[in-house]
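Following this message is one structure expressed as structure tokens.
A, B, C, D and E label the chains in the order they appear, each numbered from 1.
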Amino acid sequence: MRKTTRRDIFKFAAGSAAGLVFTPAPWRLITDTALWSENWPGIPRPARGQTRTRFTHCALCSAGCAVRARCVNDQPVSLSGLAGSPLCAFGLAGHQLPYHTGRVKTGAIEEALAAIAQRRSHDAVAVLDLRPGRTASWTYRRAMAALPRGFYLAAQSAIPAVNLDQVRTLLSFGAPVLDGWGTPSTVLAARSHFRLIQAEPLESHTAMLADLWLPLRKGSEQALALGIAHVLMQEQNAGASFPAEATAYSPARTAQLTGLPEAQIVSVARELAPGGALVLASQEWPEILQLNRLLGSVAHTIVGRRETPVPASWKKAAPVTAIEAVPDGSIGVLLIDESVCDGYLPWNAIEPKLAPAPLVVTFASSRAGYGRYARFTLPTAVYPEMTDDIPPALDSAAATFRLATPLVAAPAGAVEPARFIAQLAGLPPADALRERTDAIQSSGRGVLRTYADGKSIPVKGVKPDDFWKVLNEGGCWVDAPDPVEPPASACQSSSAAVVAMTWEMRLARGPMSPLLSKLYEESNLRVRL
Amino acid sequence: MTGKRYGMSIDIDRCTGCGACMVACAVENNVPPAPEGATDRKGITWMRVFPVDNGRDGPDRKSVFVPMLCQQCGQDAPCVSVCPQQAVQVDPATGIVGQMPERCLGCRYCMAACPYHARYFNWWDPAWPAGMEKTLNPNVAPRMRGVVEKCNFCHGRWHAAKERAVGRGAREIDPADYVPACVEACPTAAIRFGDLNDPRSPVAQAAQQSGSFRLLEKLGTEPKIYYHSAREWVREIGRAPAGKEQVHG
Amino acid sequence: MDRQLIARGVRRCSTPQFLLWILPWAALFAFGLYCAGLCLVKGLNQTNMDNRFAFGLWIFVDLTIIALGAGAFFTGFLLYILKLKDLDAVINSAVVIGFVCYSGAVAALLVDVGQPLRAWFTFWYPNVHSMLTEVTFCITCYLAVLLIEYLPIVLRNRKLREVPGFLVFEFELHKLIYVLAGVGTFLSFFHQGSLGGLFGVLRGHPFAFREGLAVWPSTFFLFILSAAAVGPSFILFTTWLISKLSGKRLVRPQVLQLLGRISGLLLGVYVLAKTVDTLIWINRTSPGAGFPAQEYFAWQPFGTWILFAEIVVFGLAPALILLTPRLRLRTNWLVSAAVLACLGVALNRFVMTLQTLALPTLSFDRYLSYWPSWQETGTFLAVVAFGVLVYSFSFRYLLLFPQEREFRQEPAAQVSETAVMDPVGRS
Amino acid sequence: MFPWNYGFHWSTGNVLFLGAFYTVLVVVATTVASAILRARRAVAAQQTDAIRWRSDFHDLPPRDRVCRHVLTGEFQVRECPNAFDCRQCETHARLVALHPPEAPPESGEELLGMSFPLDRFYHRGHTWARLGPDGAVTIGLDELGRRVLGVPDAVDLPAPGTRLRVNGPAWHIHKRNRDVRVLSPADGEVVEATGGIGGDGYLRVKPVGRGFDFRNLLAPCEVKPWLLREVERLQGALSAEGVPTLADGGVLLPDLSTAYPQADWDAACDAMFLQA
Amino acid sequence: MKHRSTYVFLSGVLIALGAGWAGFPYAIYESRPQPVDFSHKVHTGAGGMKCDDCHQLRPDGTFAGIPRLEKCAGCHAAAMGSTAEEKQFIDGYVTPKREVAWSVYARQPGNVYFPHGAHVKQAGLSCERCHGKHGQTETLRPYQEDRISGYSRDIWRGLTMGDCVACHEQHGIGQQGCLDCHK
């Protein structure tokens, strides 16, 4: 036998190659690699299972829109609004919120409890509530009342309701009226019968859609408000309540300051029909409230709303304290509920009120908000994991009670801020939401709306257990239409009805669905702002 | 089975540019979140709202929002004939221009062919943050990297509607069962959807309405997306681009 | 040390010198492979292409090098079918250049597609109405043909032909080479054309869209013509360049002049056809689709200058130079004109690919620009380096220019015979 | 691609396109296959040597391929179309009939200082063949060939019984890592390898079939013009740069291989032994 | 050894043929046993059950596939028979309420939309038409998965796209759009 030569190896290889062509192997490998490219590692396979529809309310903002969730095996895969009550872009991706990458998943709960327990006896404890008016807010107030020195701080002053049905002309100083303000369905429904004048330096989203856009100079909003007041006072002789400085803002001067034509300032002022006008702004300027008073908006377009009933035993609660009213350097322990967020107090307003070496504990799902100032950031559930009620919407004249019920389970380790704080203050353990719904039911007021079958039933005939059940399955209690005078305090507040979150604010404030960030980055929808 | 020709009508005058359609579309069709480095030129937005202005400044400036999606061109869509391996197809039963990600090799010739830039390439591997893959819609298969995708009128919903019809024992789907996600999500009902072959459908009627136009009609691509605006300058959007010195009236 | 591999009768630089030349190219090639690997492993996000610029540097380069590689088929056609025997002097080099261009283009294409594992679907499920199908089929077939044409050149290597099987196979194959030349011409004709058709059929881009004959838009024929025109020019240029780089005479000047004349002739016809086509496009095709042609040139930097450059500077000018016998005799003019012609075809391919994509089609489109990323450029450079390497090795170890050996002996002919004829033994 | 593939229709476009594709495939495959088949057949028919010579011949520079009738001045320019096998050449036959070979101009065996006895026929690859009285032919290397090679390092002679063919390799000479194949001037079967570097010839060959045919070899009258040309070629090969290398007065050294740098000697070998 | 090189070549061919036909088809699949040794025959035979007693269409027209544990537990809350498999099943799954991780032989790729309703309810196809005599099997054979593509081996046994198309063409459903069956 001759030794194996290189030539033999070549021959053998050639033979193998030739033979292999006539076997399934190479062809199958080609096919298989192509098939592999269909599901190579990293391409997820969506779970199969039964599709069910569930209802809840969106807790992302106080609009609290009704949500129809399509769930596969109890996992929501898409959300939609109901007929006549659509969801906004945020709401549509709400079910993805639990998976945002910046989410806080763990926190030193025991240590935080211990640290607070150590200080609450001799330090003032304050709770900052970023969405006042909830059942949880009542719990905080009750807890603060139970503590020796407890403050309940709300991020917003009491906001009156806005009755958009009455509005004929809406003058907005940079408020994002069509871009996240109010309840989308209400605003859109009313949009056809009011004229929108947007005074804003940049062509914002609302400015693009407004009937009239006043591209005024940056920082000249107050001047324009005064200038309009000037015209109104001159032409309607109704200027008693307005500051005297308005007289200095003649149309000519205002035109100079704002860069708008003089005639336009006059014509805008004339368009503001008394009683049917509403003025909004993006910041708390006193001129805006005064202008609203001048136009007779109060009790017409700015209205009061009856309070949602609460159990009688809750009445012994701490009052809502304005942050200005808190003595400087007094708060030793600050607890912030950031789990839901409508308003926001800038840190420089809070900081002077804190005692030296304050203990700041925030309940949040991300560190984007107050987390960077807090010693402890305790993880909370996010919508749609949380159980919470949503205070009546800004543009709802009637009181409402709606629950955001969890569509998915909250992660282990998530803290319920209300339960945490109640426990801290030694409140008796109880299901506050259930207590409240019982109180509402026993008040006998209003109707119960069910989304699944689209019915409205008077509360009077509903048993407490059914009431609770319906609310948990996506029902909504609406108070009887019984307008009341707006509370005087509301109309003195300078922040009347401007609260809204634009995309930018939401991006800056905290996490949102990864998909939303994507669309924000990848489309030119908001790029210009 | 009767031949359908699904189409859409979009009322530009009603569009508020809220972006709900974009989000609903991305959620429905399992579009992954943006990877690091994504831009508006590399992203995947089957539905995309463009702000369009009349090119003027100051008080004469006017802007509208134009939702853009695959225009679902007629039988000889520009993208269909160019695909080298039959990955693009106009469905004979629905008129929907379908893109088959499993067949696509990612040559992107169809993207070059599309005058509406409504086709998107998966530049990245699709990736969801941990856990978020649970929220994927089981009616739509996630696409892989390196293939082209685009709007297919939420075809997963068409499948679901057909199954529901079978569940009811019906042969034909209930039109109310098949509505694309963007249509469902639009808060102002600016987008409507229906069968253009059915003269009673609101879309077929909207297509005949005065003030209705299609994009780049002169190219002869026969798109099935009808836009509408009462304003003359808005209707100019459908024409070819003018040089920079020219502006809309 | 590699002397045994170098063809007899030619002189090549020393091995270390050769390695010194190869080394930077090999390094570039390795870097390019790394870049291509990045694109394959991480995906095409490594490039700067995007949804608008679905095609980028690679497609532009592919189109250009395939046009330049047309010299292979066209020289083969002229030599084996039209029997222009003089071109025997460059046919080997033309085949190698063609092989390099086509294999480089195919390699770049495989990186360019998003799912290379499915590239065979085009064969399995072809859509015969797509120009790209035609391109894919023809290019792969032609690459195979080029490989077979390249094989005899390789087998003629001094060492390899010692194997009797190789020798005999090469001998027999070479006898049939005209069949392959014919097939190559057929395939090239179609894929050069369908590369043009690729853009000519884009109804959605009236800037590129052209009317034409049957299923083929006019760009189909223009691309064939322009490729046939610059193919010889590129052979001319590369032959001259290699001659300069290696410091050797490779072919007789007449061969280069012949190439130049053929190139000039075809370029002239091409310029004429292109002009007619442009006029039809401006006056009928484009306005018919609702796009006034002048608008295309309102987007800077793509002004009308680009049209002028394409037709006059890089078309008419080299054509005239190459058609003027007096200028053709002067190497500088000849080579410059060939270079201009090659640049012209590159510009044409650039206009067809990138300008087409850069120009907006919708009224609210932005005009976009694009610049390749380093990974993209690296991959492109790998193609270049691959070409240089294959050519360098071929030039060193294979006989690309048969006339080279004659020049080596020619000077001796001038030596006076007496030195030889006057043997000492006699005087 | 095939009618049974999903998505295939019997449409005109498909038929034309795929028809053209398959035609191309078939043509290319047939070409390659026939080349392979013909190659196998050629190997089986032991035509390798002939093909090698033809291939070598094809690769020679045109000036090395001139017809022998150019040497005698009958043609101005002519390339040999038969790879130096004049036995099949009609032109040669006609010319020989027209001008029967003259007698050798002189009986002198000294040409340019080298011995070229005219009792034999010379082959253009610098071998000679001399018919012996016993009907066998002796084959050897001529003086020019010997001087170019000098003393070989080794000689690789065929075993007795080996079949030789005109222009096929007769034997191999190894020198300085080089394998020089020497072309056989005649057809026949090796009887004896005498291996004579200094002796009289290398091989003795007996005829096969119809006997020897020396029409392919140079007649004595052609030797001188041929040799003059050969020396000129040698000169050219040795001095690519154009410097006269035989500057020592024109005498060919007995061993060129030691006198010249390797490259030039290689080239000289190629030129003289007609290797491409 | 005149034909030595031919023999070498041929041995290469033979070895490749052997490996490609005999070895490869087995090597390409990865086998794994089913978690529970379920006998269809016990249920359909002596038990007298029909396929759709367990594998049902939901009211919304979708197919429920393999029943979830609660369905099994409906009968097997306690052992009905005396087999070791049943006991194992009850102890391992029913009692701890652990879902069984079945491997589905006929599982189509994720990009395939296959409506059971349209085929079973509308077209009236029998389950055996595609699933063969699966309902008569006494034991669950190991699940075999293609190592590269990750798809079940059963796909290649009459459930490929080619098979779907062939059946549709045979029944005159004819050429359809890709999206009819892909999602």
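Observations on the model:
By our rule, contacts are C-beta pairs under 8 Å (C-beta built on N, C-alpha and C of every residue); 3 or more make two chains touch, one makes a residue touch a chain.
It should be emphasised that the depicted structure is a prediction, and the values quoted were computed from it without experimental measurement.
The set of chains touching subunit B and also touching subunit E is given as A. Each chain gets a centre from the mean of its Cα atoms; the one farthest from the centre of subunit D is A. Among the chains, the centre nearest to the mean of all shown protein C-alpha atoms is found for B. Relative to subunit C, the chain whose mean Cα position lies farthest away is A. The interface with the greater number of C-beta contacts, when C-D is set against A-E, is C-D. The centroid of the Cα atoms in subunit A and the matching centroid in subunit D are 97 Å apart. Here the spacing of subunit A and subunit E, counted between their Cα centres, is 49 Å. Per-chain Cα centroids separate subunit A from subunit B by 30 Å. Centroids of subunit B and subunit C (each the mean of its C-alpha atoms) stand 41 Å apart. Residue positions of subunit A with contacts to 2 or more other chains are 33, 36-39, 45-46, 48.
Annotation for subunit C: residues touching 2 or more other chains are 115, 118, 121, 124-126, 129, 133. Under the contact definition stated at the top, the residues of subunit D that touch 2 or more other chains are 6-7. If you draw each protein chain as a dot and join the dots that touch, the picture is not a line, a loop, a star, or fully joined; it has some other shape.
Chains touching one another form the pairs A-B, A-C, A-E, B-C, B-E, C-D, D-E.
Interface of subunit D with subunit C (complex): residues 1, 5-7, 11, 13-14, 16-18, 21, 24-25, 27-28, 31-32, 34-36, 38-39, 42-43, 47-48, 51-52, 54-55, 59, 61-63, 110, 112-113, 228, 231-233, 235-237, 239-242, 244, 246-252, 263, 266-267, 270-271, 275-276. Of all residues in subunit D, those touching subunit E in their complex are 6. Listing the residues of subunit A that touch subunit C in their complex gives 30, 33-34, 36-37. Remark: subunit E residues 57-62, 110-111, 113, 115, 117-118, 121-122, 175-180, 182-183 touch subunit B in the complex.
Looking at the complex, you find that subunit B touches subunit C at residues 35, 37, 39, 41-43, 50, 52, 66, 78, 81-87, 103-109, 111-117, 119-125, 144-148, 215-221, 236-245.
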